[in-house]
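What follows is a group of structures, each given as structure tokens.
What follows is chain A paired twice: with chain B in the first complex and chain C in the second.
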Partner chain A sequence: MYDPTVARLTYRALLGRRRALILGALPVLLIAISVAVRVLAGADDQVAADVLGGLALATMVPIIGVIAGTGAIGPEIDDGSVVYLLAKPVKRPTIIVTKLIVAIAVTMVFSAVPTLLSGLILNGNGQQVAVAYTVAALVASIAYASLFLLLGTITRHAVVFGLVYALVWEALFGSLVSGAKDLSVQQWSLAVAQKVSGGDLITSDVGLPAATVLLVVVTVAATWYAGQRLRSLTLAGEE
Partner chain B sequence: MTTLKIDHVSRWFGNVVAVNDVTMDIGPGVTGLLGPNGAGKSTLINMMAGFLAPSTGSVTLDGQQVWRNEQIYKHIGIVPEREAMYDFLTGREFVVANAELHGLGTKAADRALATVEMQYAQDRKISTYSKGMRQRVKMASALVHQPSLLLLDEPFNGMDPRQRMQLMDLLRRMGDEGRTVLFSSHILEEVEQLASHIEVIVAGRHAASGDFRRIRRLMTDRPHRYLVRSSDDRALAAALIADPSTAGIEVDLQEGALRIQAVDFGRFTTLLPRVARDHGIRLLTVSPSDESLESVFSYLVAA
Partner chain C sequence: MAVEQPLAPSGEQTRIHNIGYRNYDGPRLGRAYARRSLYSQSLRGAYGLGRSVKSKVLPMLLFVVMCVPAAIMVAVAVATKAKELPVDYTRYAIFLQAVIGLYVASQAPQAVSRDLRFKTVPLYFSRPIETVDYVRAKYAALASALFILTAAPLLVLYIGALLAKLDFTDQTKGFAQGLVSVALLSLLFAGIGLVISAVTPRRGFGIAAVIAVLTISYGAVSTIQAIAFDQNSPDAVPWIGLFSPITLIDGLQTAFLGASSSFPGGVDVSSAQGVVYVIVVLGIIAGCYGLLTRRYRKVGL
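Entry: the complex of A and B
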């Protein structure tokens, strides 16, 4: 289910110069803000939880997920170079799973690592806040990468739809409309973070068992369907 | 021996029929798929390559379905028309990746690069390649696993004459080795120079099939129309109509020119300058008035 050549092509495309700059900008921004907050406000557990919850988990992780998830396959489908993968005796699910693994790894590196760093900067992992949000970012990376990879096989405008989902649904509706909270990767990963931190600084609207089931179901279903999409991918000619 | 069988294949996109009930067998040797732009050649090649499902009918390679059968690519090499490749790789990295995806190693990649004579630039980024170089690297990527069927979509587009000749030699060689090679083109001369067998597609329909001499004859034997201006139109008209190669001449007073219909193309083209010289007439304009490819093809469809 894993092909090293597909993986190499995918991460080299993902970490091409321009995309790497965008991927790197958000973590740098998060860490810069964390340093500023720490200097101005001092070490405060509540402030640390607010910054990591509002900025890292609600904004940065989904945006990195959109860039890595859609970028792992979207551009290849868009410009037609995916034909060099498809014209090979390689199983389509293998291509998808490999690309997903790369997208997850990239999302984790560019979102979970800076989350941990800024948590340590903000309050030195007081009340396990830094570790809890890092685990949440890791868990969310898996779900986001698989969702947005699927989106990359469905539409040419995957980045736009991905950003709308990440910012409008997750960040806005997710925090305003109660029903939407149940269907939010952010809330599911917060449930995991809540369990890790143990305290009441981090709370989720979804229980841990439900969150775990939903995370697994979404990841597996999105990956399976992306494989199906690729099997029947139609390459229209120039005509 | 590999035979690609296209059996009553149609493909439509919404209300537009791109390929209309095409049936053909492509056997060993070089076959040219000829047709004007927009005739459905790319759609047909995409279906042959398993990148597009036929709306009706079937495409099989030695009895095996092509659509949704990734194992078929062990036997098929594809050179797509689109330019996009993995531009951030070097030529060699690209061909090696293609070899690895076939379960082969660098040896196969190096052999393919040697076949297309691209070793000299193999360590340069693909983004720096000219169109002809890209085409050759695409070709190498399609050849790494020595496929028995090679499909090429407009492979000569944008190539200079020398590159064109090299690629033609290569394809001819592959055909002689007993591989099944199919390439599409909208340029008759290209197809004529290379293909021993031609399939003509016009407006999504299979218009003609056969060896190029027959099709060439169909194309050259059709009545040709010329617009001719000279220093003495009437004298020229009188002299030309006496020859059986000319079927009709109209003196177009408004245009101040002769509209000539020639039935024997070869004979007429040598007759016209000779007659003009013998009668001391100066030819001012000689232009074929229906030489567009579309008119040639529409004649073929009617034939």
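Entry: the complex of A and C
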């Protein structure tokens, strides 16, 4: 279920040239802000939780997930070069799983590592805040990457829909309609973070068992359906 | 025409026949007409008019999402016979900044990235338009599209307020202030969106980059503002607001357009700081225009 050549091509498509720049700029910004906050405010557990929750988990992880998840397959479908890949004797679910693994790895490296670093800078992992949010970022990376990879196979406007989900659904609807929080990757990963930290700094609206089940179901279902979509892919011309 | 003359001066049988091509001697519409056409086509394109049904969905949806809250507010104000509208004209765009951001992110790359990707830019410049014409037409089109998006709900609010027989002078003043504010916002956002998306021929990447710049800068600025406010240094709050587009507009209209700021604690922006805000906003707009002109000076040629 893993094809090294497909993986190598995907890595190059994701990290080549300017894409790597924007992927790298976000973590650098997060760490710069953490340093600024630490200098301005000193070490404070609540501030650290706010910055990591509001900036890292709510904004940075979804955006990196969108870029890596849709970027792993979207451009190829968009410019039609995916037919050369599909024409090779490689199973399409294998292609999807390989691309998913690459997307997850890239999202994890560019979101969880900076989250851990900035957590350490902010309060030196007091009350396990840094580790808890890092775990949340890791978990969220898997779910986001598989969701957005699926979007990349469904629609040409995957980036827009991915961002609408990440920014409008999770941020806006989540704060207005409490029911929307049950269907939010961010809340599911927060449930995991809550368990890790054990304190009351990090809270989630979803229980841990439900969150775990939903995360697994979403990831597996999205990956399976993306494979199905790729099996019956028709290349449409530019609108 | 030269084709009538025999090729060799000695008058042999070889000659080029005149097969009846004629010169165009109708009216030449010229540079201004080409620029106007590019402007109107780009403006229509920003709302998906003249494009496929699929590409109409998103801009129209965002337009509706912008206007519906205004209609609801008006309905509530009329039904409850309120003395004033539940939201200031100037605050409306700040509330719905996510929608505006998504609109810029989806339509700015649409306006320029595809021309780069399909290498149609040289074709534009084979017409009598210059680099500045292309940049001005695209900039003006996106800014107008944004202005329509942001001013339409204000118009809904204003008409509703007049129908509800609220104070005329008060409402007109607020409406005018709101229009100035969204006009500046449109210019600022259009400039930032176009500069970012003119760098890449990939539409999806342009969308992600624009939204990342808008969201991350706002997230970073509001986080640092909140912390600065908590650390008892509210004086720093307006200065931090200079670093993201939406807080720039927020601070500017707080200083000069009678708005109340959305900064933490409702920190006020003094007139001196307001001048800095104006300078920065105008500087960014001019800078975006300059960068775009530079970008297109030798693109694809």
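By definition in this document, the second predicted complex is superposed on the first by the 235 of 239 C-alpha atoms of A that agree within 3 Å, B and C clash if a C-alpha of one lies under 4 Å from a C-alpha of the other, contacts with A are read in each partner's own complex, and residues count from 1 in each chain.
Here is the rule we use: a residue touches a chain if its C-beta (ideal position, glycine included) is under 8 Å from a C-beta of that chain, and two chains touch if they have at least 3 such contacts.
Computed from a predicted structure; not experimentally measured.
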Which superposed partner A:Val28 touches (first chain B, second chain C, both, neither): neither
Touched partner set for A:Ala20, first chain B, second chain C, both or neither: neither
Which of chain B and chain C A:Asp3 touches, first, second, both or neither: first
Chain B versus chain C as contact partner of A:Arg231, first or second or both or neither: first
Touching partner for A:Arg12 - first (chain B), second (chain C), both, neither: first
Partner chain(s) touched by A:Leu85 [first = chain B, second = chain C, both, neither]: first
Partner chain(s) touched by A:Met60 [first = chain B, second = chain C, both, neither]: second
Contacts of A:Gly74 with chain B and chain C, given as first, second, both or neither: second
Touching both chain B and chain C, residues of chain A: 239
In the complex with chain A, residue positions of chain B that touch it: 13, 18, 37-38, 40-43, 45-46, 49, 51-53, 68, 70-74, 76-78, 80-82, 84-86, 88-89, 97-98, 100-103, 141-142, 153
Contact set on chain A toward chain B in their complex: 3-6, 8-9, 12-13, 16, 79-81, 83-92, 231-239
Contacting residues of chain C [partner chain A, same complex]: 51-52, 54-55, 58, 98-99, 101-102, 105-106, 199-200, 202-205, 207-209, 211-212, 215-216, 219-220, 223-224, 226-228, 230-231
Residue ranges of chain A in contact with chain C within the complex: 18-19, 22, 25-26, 29, 33, 36-37, 40-41, 47, 50-51, 54-55, 58-60, 63, 66-67, 70-71, 74-75, 78, 157-160, 163-164, 167-168, 171-172, 239
